């Protein structure tokens, strides 16, 4: 907890952060795969002390009438009350909805999953990919950690066995992996005062003025943007933030 | 016909392999992880803390709230819709009642202790895993507790009394059917703080199952003790 | 025949048998059950003659009479201020206990202590229902300006302060920071030099992490000397007193 917001800004201006990092530095990140046998694909991301899980459940269903040759993708997020004294039980908060939608957008718009590839029988049966984000410990920057977790869980996913158009859970998973075509990585760049930085701790997160989440794919193209926070951003700041985000996305992609 | 061999080859009084760890959620005041077979419970305790809404405050003693939740991808098969249901509400109450006898509520009047129990994966025996896990988390949170609580699901499969039924055993098809009996025991007194039963049993079978539960819960108590001491072991100077 | 069943200074868990027989007396965190004395919470067993008690190692701060804490003003009322204490209970600072100076009737109380102000205050009483009274009328108690507050485990506070304030004095001397450690786990630091403030914070976090290990004072001394590049005079450690009593 900081008494003085001016102090964070002052320190950051001098290149100092409370935990000794630079403004431009991410905490240590660890990605683990297959952490739950109940899901068709799963992951755990540990970013500093922030811990987030993602699990994929595959379903089969009739496709929507206007898209008979496409499967479905849905990303949900639960900010569990166990992960922070500030989260409550109950329906998703605004923040939970934002996390889910921002991560969903990154995966969807980048075509990381080709929904045309999810058809079992055109017009009759398609796969729906449902990814659920679940927070275990919120030590700041849940959004970026969740985006990595979702991607890792998708990469980990194997298709279940279908028996007469119904999933046969007893038979276990097939060896067929869910085809993941792109690796979209979301990096949120935060602004406090005039300082730009990444990967905040709880204390830093409480004091931010604005943030920009940039999701980019391997070749550096952008596939989704989300600005948050109460203060506006100048075009120059946006320019800088995008560059910072792409740089970190390239490095985070290596950790997958 | 007799149930000669268990579906996974265990002895009739044998539990699945267990793992226990304390202090796994940094922001919580106390936390623990307990895994038995493929059922894994995580518990995080926040409190004592201020209780809102204020009309719920009791000036003479504190309140214990237990929230039981399965992660959407933790079901044994289909996805579990987030948001809880009647089952999770009932389990929250039953687990809370199993822990209340050992907690000193007078130590935190007007306040609340919240226990959040989550499952990343399940394979039967969840409420017992929840109790065993929550007890460790509450101790880790430094609450005044007269004892731990240890829980195990015992039951009857066909003609045999068994300990720690997994999902396949609960669903086992046989003439005499299956009875599932979750039991929670307070180690120092041997008292039962959680008891439920699903299925048909004779009184004799029930008491045989309770004896088995007592034996098994003693072993689980050692596991809990060991996990709690391990976290703080570094050195006790 | 009375017998101690658990070694002193070991970690005990709730329900564990500490002693048998009627000679031993149960104190904080322990209770008598028939012939046994059992542990009533997780902690370290302390044996003082025949008295058994538990030293807490985890859990939230619970306000105690006589503690000096850092509080945060969360409400301003007609009669005083409501103060957050980093515990399940907020505390009241009444007008009469707030200052040695005369406060006029109808005065604007926010001029004295405003919302979100942090204050160093003393706990004068805690009722059975955990109603807490505070005072600002004692040496060293005051409003805090500037600086920052970090949170530490309340059970590590004695180690961070050290015997007669020796540990925190060492950090103050090495880094030139002003430091006030509240019993409730809130610690206030202030310095003109941001780098030194960070070193002080790092040091406190290190003490928190290694509190149970022996030889801590020497290790911290070495750590500070390495980080600041300055030697610490041993005599200063003995003479300085923590400016606010433990």
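Residue numbering begins at 1 within each chain, and the chains themselves are lettered A, B and C in the order written.
The definition used in the following text is that a residue touches a chain if its C-beta (ideal position, glycine included) is under 8 Å from a C-beta of that chain, and two chains touch if they have at least 3 such contacts.
These figures come from a predicted structure and were not determined experimentally.
Taken together, the touching pairs cover every possible pairing of the chains.
Two chain pairs are in question, A-B and A-C; the one with more C-beta pairs in contact is A-B.
Centre-to-centre spacing of chain B and chain C amounts to 35 Å, using the average Cα coordinate of each chain. Separating the centre of chain A from that of chain B, both taken as means of CA atoms, is a distance of 32 Å. Rounded to a whole number, the gap between the C-alpha centres of chain A and chain C is 39 angstrom. Residue positions of chain B touching 2 or more other chains: 49.
Among the residues of chain C, none is found touching two or more other chains. Only residues 35-39, 42, 49, 51, 53, 55-57, 59, 76, 78, 80-85, 89, 91, 130, 132, 134, 136-139, 167, 169 of chain A touch chain B when the two sit together in their complex. Across the interface of their complex, chain C is touched by residues 29-30, 47-50, 59-60, 102, 104, 108-111, 139-148, 186-188, 224-225, 228-229, 232-237 of chain B.
Of all residues in chain C, those touching chain A in their complex are 118, 144, 146-151, 186, 188, 194-195, 198, 201-202. Those residues of chain A whose C-beta lies close enough to touch chain C in the complex are 1-4, 7, 10-11, 14, 16, 18, 20. Those residues of chain C whose C-beta lies close enough to touch chain B in the complex are 9-11, 13-16, 29, 31, 33, 38, 40-44, 56-60, 88-90, 128-130, 212-214.
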